[in-house]
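Below: a set of structures, written as structure tokens.
First chain A sits with chain B, and in the next complex the same chain sits with chain C.
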Partner chain A sequence: MTTPVLATPAADQAPVSGGPTVGQRLTSFMPVIALVALLAALTFADPDFLTQRSLTAAVRTSAPLAVLAAGATLVVLCGGIDLSIAALCSLSTVLFAMWLPDLGGLTTLVVIGAAGLIGMVQGIGHVVLRIPSFIMTLGGMSIFAAVALVISDAGPIRIVDRDATKWLTLYVGGIVPMSFVVAVIVVAAISLVLKLTPLESFVRATGYSESAARLAGTPVDLVKVAAFTISGACAGLAAVMLVSRNFSGSPTMADNLLLPAVAAIVVGGTAITGGHGSLWRSLAGALVVTLLRVGLPIVGVSSAWEQILYGAIIVAAVALTLDRSKVLIIK
Partner chain B sequence: MTAQTQVNALEVNALEVRGLVKHYPGVKALDGVDLVVRQHEVLGLAGENGAGKSTLLKALVGLVRPDAGEIWVRGEKVRLRSVVEAADHGIGMVFQEQSLVPNLTAAENIVLGSEGPGVRRGIYRWDTMRKLAQAQLDKIGSHIDPLARTDTLTFAERQMVEIAKVLRIEERTSHPPVIILDEPTSVLESKEIETLFTQVRRLREFASVVFVSHRLDEVLDVCDRVSVLRGGQSVGEVPTAGAAPAELHRMMIGSTGSDDHYHGNLAERSDEPARPRLVVRGLSGATFRDVDLDVHAGEIVGIVGVHGSGREDVCRALFGAEPTLAGEVTLDGDKLDLSGTRAACAAGIGYVPAERKIEGMVGPMSVADNMTLTKQKSRCSGPLVVPQKQATLVDKWIERLSIRTPHRGTAIQRLSGGNQQKVVLARWLVAGDIRLLLLDHPTRGLDIGARSEVYSLMRELANSGVAAVLLADSLEEAIGMSDRIIVMSDGRATREVACPAGGKPTPLDLVKEMV
Partner chain C sequence: MTSPADADTEVVVAPRPRPRRGVSLGDAGPPIALVVIFAVFSLLSDDFRTLGNVQNIMDAAAVLAVVTCGISFVLMMGSIDLSAPGVMGASAIAVSLLVANNRNDNAYGLLGVLVALLLGSALGCLSGLALVSLKVPSFMTTLGVSAVGLGLATLMFAGVQPNIRDDMLDSWAVQRFLGLAYLTWIAVACVLVGWLIQRYSRLGRYAFAIGGAEEVLALSGVKVAPYKVAVFTLAGTFYGLAGVMVTSQLSAGLVQAGKGYDFAAITAAVVGGTLLTGGRGGILHSAVGVLLVTVLTNGLVQVGVSPYWQGGVQGLIVVAAVAAAVLPQRRRNQVTK
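And then the complex of A and B:
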């Protein structure tokens, strides 16, 4: 291939448009806009809200959610969904509480590893058995929740030795909660690895068009299994964060985090159909969701409304971000 | 029957388009198009990709709303806001991608959406429905069983069902309808095309037909007049009687070019090396059996066959994208692992899929990322991507293949079909380790200019020593491009026809072997 003398046709095509549309521009800033708008609204409702103390508390609350959402974002980017994250997180809190007396300081790493392994098994099941990720992780969700109940005798397990998780309760510079710093580091590390290696291309190609990715010879199956593994490991890390705050493990501790996590992903603007999005968006999404959660009582809405809000957010965010011209068939 | 004999001062035009304009972001798809369809004529619509053909058609059936301009139906100005409104005015279209539901019978498909007396009190009246469908099929003289499940029919038969279905718009209007056929021949084999043409001529008796094709010979064969679009504008209308393909081609691209660019310009090559690069022995799969195939370095081997011959599956099997049951494949003497596409890529095999938009490219990703998707090492240093390395490499190939794109970072879906295909081809070339290219309809849906560029590139690659297997879009293309042609029929390789420069077989020679 050294003699490329190709005919250059005389007629040039009409110039193809390059830039993103207004809608695309807007959605790419959506999480940040939502965050600022929420902060403004809450400050307006309660001028005392914009204090360092309440912001620190909000940020600390958001950390486990952010980690959960970030991990699951990888699966969504690959075109799948991981519904098992919350149940796996609950199971991991039980495992942590049970293993802590024997493993001591190693427990954190072992629990994250075990959760990653469980995620990997789901990924392999999805890829090898060709089961839709929705079904695979729905089954996983049910199984993990039940296993957590069985091994914990359906009750919380108190943690006596608090040293193993003490580091997560510290504050960097006395202001920023360590758990949130860890969440940011996890998001940054995964994003950086994606950005600097061919992995980002692989993940996006898989999410946008799996058949095209496969026919281009990209390691589609490996990428998917890796995504489920990281999603599982993130559920494990989120579990450690929850334990550090509650001083116990419980089989239902994280069960109410599934909807907020999915809400965080879609509010961030990651396309539920795969390909488009990022982990940073989900981090911002997690902050938005958390602010809503702590903001409801401030504006005088009962917390019973929380679940209604999550349901509405998910539907509204997808309705806003979905490129309907591409989605001809809805299932 | 020529166009002239039909023109009558008292007779109004079946359909008239005046100054139609449609903008898309950054593109003027239609820039003041005029079009006249007379009653009982077959009007050809010709134009390169991007000329505005599909936008115009969509405007005629209410799928696209024009920014300016008028549409007149039988002397009456109309606004078409949906397919239903278009049907009410007697305009119907047979789409390029078929729109039948595969697990319903032909009869159900024909009445689907306008069941009329076929449904009473919400319940299907099967007998009435079958009769309705039979009446539609009789109109076009088709012998398809209305109770056959659609997925058991061939592509050509399904097309007949579609025509029968679209003719139901006659019931909505008292006037002869206007039937639009969008690239109806693009996936038909030559024999089926003849049947279709007979059908089109029959339609003319009671309807007007707009026939869209990128094959000029077809347009000239079946149409009374041809209207040519270029760059969203009407550039002229000519009666087909006496028109030459070269003249039409000149109108389409705006300068003289040669339609049969790929014929005869084969470079002289030295004798073939003793051992073929690709050796396939006894390859069997779900749809093909005992296929033997040799391809030498620098050789283009065409595989021809009708639909159902299994040639597409053989091609995919060689790339590890289709399971095989038996057989051995060696590339330069090394046994090939056919278990997956990654092994094939690593061995230096490239595949250009027929479905470019779905399988060939990742639409929202950039030209650069699409080009380096497979050969990641070409843009990496160790495990890390080096943006500068990628930029240099991609820009080099954009220039070499004269890919027209605003920037290497532009999403590939914003390019025209020909430029997209060049990016897909470049994907296999960037690393310089390509040994065998499997080309599944590499010019499908491309305009003439883009086609000849792809032909030149294929020939150039072969001359540089790449072996290629070609599933061509037409027999003429297969004959023009190939050094040797394998005929496949019913899953078996039945004949081999030498196809050297200066000793090419005729399409008729091949058709005899195919059926």
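And then the complex of A and C:
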């Protein structure tokens, strides 16, 4: 058994070189490799899988997960974690179902705004009170679940007016589901904003080395709060997508999306130590996770293995992508 | 505040964290809060201040106490453990399939309980091994192991709920000794055993030391990794027992046996004064925390608050408790992840 990593590795580390190492190159292609391998394996197991219909269905299923994972990726890039996304998404489905009769077409925007606001509150709590993000969001998770249970009376709320979410169930060009297009647009928009403004440097600096970023004048606190806000807003959008598919809001609707979302982020190759990664990776990760989910029954594996697989994937993917030079002591 | 030099000698001379100024209040806080909350609810509700309700509270605290015993050791090291739901689910289904039940002809009795505990240990060991060998942070490994445990439970569950027909296991939840259910005495025994391990065994002392200053411990020649694995294994065993206890209460094995217990246990430990940064608190602190959480849950229901708020109250408590605990150290850990 080796002794844990101590202060020594920092000393005998290789000098910083320009290009990425072999490991980094490999992990940067990990989601794409996994995606192609999975597609190939599934096609091999069932040749009917590679048809337009089943692919469309798979892509449509992945949309809420992709949006959830994309939002939380921002928090992970800043070096934190958001465990409340699934509970916030469930709460948002309830809010949507309750507000729809009064607000009509505006409900979508209002719910996304409200979810963003709730995310912002968590971010402020994390930054101002200096509570570690995972405990802040773990607390948030159980608060949101309780609020959702109380306001919905612990039951699903049916949606009568289906026009407000009809646009999400359409198909672009008759093939690509609108919800997936929205997911791609969200990822593209956030990535573009990050790219075109100093924000990307801010986020990466915060993730790679928060204290250095702070000394260099990065508005670390603001960046973190913004990341949590966007994560919350994405949970709201994912909620709208779920409602558009299920025609109801329920206090536990999205609860089982937390593990897949975390899996999507880490499978995408975003390091949970922060800094390294991108939203596109999480999109690919979400597709991988969805393919796994729909693929297991195809190859004849009981869906109980799904959970075990998620567990193994999370641990393995984190082990591959973790930036060990930064974490001297693994708690 | 002590000067840096003092702080160094302090750590080297005694791995046991010396109380700093103001800590004594922190140690006394949770018991005082417990008394105050108990008094307040006694004033508010007639039903609350009956002997029967006190029995209820003690019985309701049993499972949480056992889970919290396990998680306290992990928190003492400064790690975190989210694997309780998975481990409890797996052990609950395992034990219900091994004792007399409606699914198969097994009737191993105590041996079945033992196997369920071992399953818990194995899953805990898995978290620990992933932590020290793959160097994956504990909240990720335990999240993964929790999923693995739930998956195992679902596999064993196989669509038909196993109802137990084992007299011994059934009697644990029903039979009373000195007014408390057997399960409650099991929980008391667990707290006692946990305290003895924490106080007198190398494992317990090192768990504290790892949380206090892991570098120092490793530089003094202690191989930290085996102790970390051992602590997670111990925690897993406690969760396994908790799963068995839930099965005894429900008379049936459920995959969801441990739902919410991870967070409730973290809440209880943190409220009791076991810091998430490690090196502080202990089993007895956590036991007080368990009573606090249970009294609060019971009292809120008695005064007419919807039981659905239970999780929300726990969430608020944990955030407030952690915020209060890190407030004095604001400048020290400037980077909060």
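Operating definition for what follows: the second predicted complex is superposed on the first by the 310 of 331 C-alpha atoms of A that agree within 3 Å, B and C clash if a C-alpha of one lies under 4 Å from a C-alpha of the other, contacts with A are read in each partner's own complex, and residues count from 1 in each chain.
We adopt the following convention: contacts are C-beta pairs under 8 Å (C-beta built on N, C-alpha and C of every residue); 3 or more make two chains touch, one makes a residue touch a chain.
Nothing here was measured: the structure is a model prediction, and the numbers come from that model.
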Exercise for the section: Scan A:I143 for contacts with chain B and chain C and give back first, second, both or neither. Expected result: second
Problem - Comparing the two partners chain B and chain C, which touches a greater set of residues in chain A - result: C
Exercise for the section: Examine A:W305 and indicate which partner it touches, taking first as chain B and second as chain C; both and neither are also allowed. Expected result: second
Practice task
Considering only touches as defined above, state whether A:L196 meets chain B (first), chain C (second), both or neither.
Solution key: first
Exercise for the section: In the overlay, answer first, second, both or neither for which of chain B and chain C A:I314 touches. Expected result: second
Practice task
Examine A:S211 and indicate which partner it touches, taking first as chain B and second as chain C; both and neither are also allowed.
Solution key: both
Practice task
Using the touch definition from the top, say if A:S133 reaches chain B (first), chain C (second), both or neither.
Solution key: second
Completion exercise
Overlap of chain B and chain C contacts on chain A, residues 1-7, 211, 214
Exercise for the section: Would you tell me which residues of chain A are touching chain B in their complex? Expected result: 1-19, 21, 195-198, 201, 204-205, 208-209, 211-219, 275-276
Fill in the blank from the handout: Given the complex, residues on chain A that touch chain C span 1-7, 79-81, 125-127, 129-136, 138-143, 145-147, 149-150, 154, 210-211, 214, 259, 262, 266, 272, 274, 302, 304-316, 318-319, 322, 324, 327-331
Practice task
Flag every residue of chain C that touches chain A in the complex, lowest number first.
Solution key: 77-80, 86, 130-132, 134-141, 143-148, 150-152, 154-155, 157, 214-215, 218-219, 223-226, 260, 263, 266, 276, 278, 306, 308-316, 318-319, 322-323, 326-327, 330, 333-337
Handout entry: Partner chain A, residues of chain B touching it in the complex
Key = 24-28, 48, 50, 230-232, 253-255, 257, 261, 319, 321, 341-342, 344-346, 351, 353, 358-365, 369, 372-374, 376, 379-380, 383-385, 400-402, 404-407, 410, 414-416, 419, 427, 429, 432, 449-450, 452-453, 456-457, 460-461, 464
